[in-house]
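Pasting the structures here.
Both complexes shown next keep chain A, but they swap its partner, so chain B is in the first and chain C is in the second.
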Partner chain A sequence: MSEVRAEGLATFLSEQEGRPVTVGELQRISSVGNAREPWLFRATWDGRDERCVMLVKAEAGQLETSLGPEFATIAALDASGVPVPPARWLDEAGAAFGSAFFVTAWVPGTADTRVLRKPDGDPAIAAVARQLAVAAARLHAQDPARFGHLTPTTPETAAVDQLDHWEELFRRQRLEPHPGLVYALRWLRERLPRAERVSVVHGDLRFGNLLYDGDRLTALVDWEMVHLGDPVEDLGWVYRSLWSPSRSLPFEEFLAVYAAEAGRPVEREHLRWYEVFNEIKHSVISLTGTRSFADRATTSLRHADRSATVAPFVRRILELIEGGPSC
Partner chain B sequence: MEPTVAAQLRAIRRLVDEAGADAGLGEAAAQALTLASSQLRRLEGAQAARLPFLVEDNRAAAALLAELAELVADLAPPEPSPADPEAATSEAAAASRNDALRELLARAVHELPADAAGDAARARVAELLRARLARNPALNRPPRSGAERTGTP
Partner chain C sequence: MLNPSVIDLLVGVADGLRAEVLDAVEPGPARDQVTAAIGIVRRVARALTGLVPYLMADIGDLQATLGLLDGPLDAATATCPDPATEGLDALIAFDLALRDRLAALAEPGGAVDLGAAERRILLDALGRMTERDAGLRLSPWER
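Presenting the complex of A and B:
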């Protein structure tokens, strides 16, 4: 990645605004994410002073996603009732300092997930999880026509479009045979569900990709896997064991809050299909990380043995296919 | 063979840990060394169990492929080379054979007919997969350290 400099950033922002913008207090902030490098800075223009977050596209890691659709989605969700950080500027071409980035206003909150592991749960997390269910329902109620930057789909093709996409990635990224994943892919293909509706799907909706401040959900972030699809896909992802808030709010209660806001229940077999699908999806993300490391596209050791996560994901797939409990 | 692979990994990890204890290291370097150390620890744990796992997995996969050959063409598993005296005990040979067998299994799953016989065969594949997961030494590794994550992008 190119060196991030305040001067280049200020020049770019000034060009965008058509008036001088000064940039100060530029600093890299720590993140456990892999695809975007977050920076904090203060922008001043026309007497306005705003704390901003800049997300810079990182070196190749698990998935290659462009910033444009992510930024356009956040911008389109402004004032929609879905909590997102206000979108500010996009430099998809890397004009400012050689790497693509976008900027949003800073939003208070933390993405810390350690609290999810508290044995007896946490009332604040329960409250945030309920707000997440409401936010998900509101996201899924958005008119897809307002998101023309995302690839269109239909209720009939939403599932197969995603399955085709991830199966193609699987075949491209795998370093070894994975009969367990092939088994699951066939199981999914023989049971393709029809979506009740097409909606905006966050694609990585979960604790860790949201900001909360005490017991208040302040923003949904990390939209790099956003797409149009079946809203149940998000519901089959949000309580996966790696990031589940179930110790604070049982999944059934989360679904009840979602259903009340959405005005429709979630059908269990439909949900199970997406739970299996999401294990495939995360497996492929892991395989892509290991492939990136093997191909020297990244030097991050985090990716070196990421494919080791596939075995537990396959175990979960088999449980789900045998009719094991959701989440 | 001394030092064993596990002993060598342990020695390398000790060096990595010593380097990581240097208070003058930057955050990124310290984090990289922590990750390297914990990955070496997992490799130490899994390495000893790897060959027995592969040998048993190869036996089970070859037996199942022989059954599935009635439903899917060209599933004959590769046999260990009689010309290679180390084939039965070499980890590299066992791993190579394991890859070949799993590739055949993946193809079989894909090509099994969509009828009762195919469904029954796929259930047998699922059984094999479950048994493999139960034996898999990688699933009995020490937990990842806090510096690692299994998250999405």
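Presenting the complex of A and C:
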């Protein structure tokens, strides 16, 4: 990664605005994410003074995704009823300091997920989870035609498009055969669902990728896996055990809030297909991290042993295939 | 000299890093690296004690499953390398070759038509394999 400097950032922003922009208080902030390095700074121009967040594309890790679609999606969702940070600037070519980045306005809130582990739940998290269900329904109700920067799909092909994408990644990134995942891919292909409609799918919708302030959901963030697809895909991801808020709000209640906002129920077999699919998806993300380390594309030790996380995902796949309960 | 054993040394390194280094490092990329390193050292220590029994169990199960699904084993599949004379790498390669054969059977259009009975055999074998894998794993992020 190139060195992030306030001078280079100010020069780039001034060119974008066509007037002088000053940058101050630039600092790296901690993040559990891997694909984007977050920075905080203050931008001043034309008497405006705004706290901003800059997300810089990180070195190779779990996934290689470009910033353009992510930024364009956030921009398109402005004033849509879906809470997102206001989009500001994009440097996809890395003109400012050699690495691609984009900037949004700062939004109050935390992404802390430790509260999810409270044994008896938390009323504030229950409230945030309900708002997440509403936000998901509103996201899925957006007109896909407004998101022309995303690859188009159809109700008939939404599932197989995603399955093809992740299976190709699986075959390219795995370091060993993984027969359990191979069988799961076969199981999915034997029962491809038809989407009721094509929607904008966040792709990583969950606690950890949202900001909340007390009992208020302030923003959905981390849009790097956004795509057009089947909205049920997000619902099969949002309550996975690693980040489930089920101690505060049971999944059935979440689905009821979602269905009330969306105006249609979620069909269980359809959901089960995407729950299996999402276990594969997360497995492939982990295998990609291990592959990046094995190929010396990253020195992050965090990725070195990521494939060790695959066994519990396969265990969950087998439970679901055998007819086990959702979430 | 056998004591302290290599395993004792690795566990001691991991314990020492956790007790005296980890909390002295500010949250951020450097602390993430230390956390991951502790996990990897522990996993290596565990692998030293558990890897051969894990592989022998896996190989035995895979041979039995392949025999049920794909008929009698050929000589190459039936003969397990001896880790004492052929080394651990040979044992790992043999296990991976068996897993590759099982994966090939699980592929769409695989050599075996998977009816209900065959699927039951395959799913049971995958379940046992997953539990063995989960037993060997020691992810640093879950402690």
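We take it that the second predicted complex is superposed on the first by the 327 of 327 C-alpha atoms of A that agree within 3 Å, B and C clash if a C-alpha of one lies under 4 Å from a C-alpha of the other, contacts with A are read in each partner's own complex, and residues count from 1 in each chain.
Definition applied: contacts are C-beta pairs under 8 Å (C-beta built on N, C-alpha and C of every residue); 3 or more make two chains touch, one makes a residue touch a chain.
Since the model is a prediction, treat every value here as computed from it, not as a measurement.
On the shared subunit chain A, the superposed partners chain B and chain C overlap sterically.
After overlaying the two complexes on the shared chain, residue contacts for A:183 are found with chain B and with chain C alike. In the superposed pair of complexes, A:270 makes contact with neither chain B nor chain C. In the superposition on chain A, A:304 makes contact with both chain B and chain C.
Of the two partner chains placed by the overlay, only chain B lies in contact with A:282; chain C stays clear of it. In the superposed pair of complexes, A:222 makes contact with chain B only, with no contact to chain C. By the document's definition of touching, neither partner reaches A:140: not chain B, not chain C. Taking chain B and chain C in turn and counting the residues of chain A each one touches, the greater count comes from B. Shared contact residues on chain A (touching chain B in one structure, chain C in the other): 30, 176-180, 182-183, 186, 190, 301-302, 304-305, 308-309, 311-312, 314-315, 318, 321.
Across the complex, chain A is touched by residues 27-29, 32-33, 35-37, 39-40, 43, 96, 99-100, 102-103, 105-108, 122-123, 126-127, 129-131, 133-134, 137-141 of chain C.
Residues 30, 32-36, 61-63, 65, 176-180, 182-183, 186, 190, 204, 208-209, 222, 224-225, 242-243, 282, 285-286, 301-302, 304-306, 308-309, 311-312, 314-315, 318, 321 of chain A touch chain B in their complex. By the touch criterion stated above, chain A contacts chain C in their complex at residues 28, 30, 176-180, 182-183, 185-186, 189-190, 300-302, 304-305, 308-312, 314-315, 318, 321-322.
Looking at the complex, you find that chain B touches chain A at residues 27, 32, 35-36, 39, 42, 99, 102-103, 105-106, 108-110, 114, 122, 125-126, 129-130, 133, 136, 138-139, 141, 148-153.
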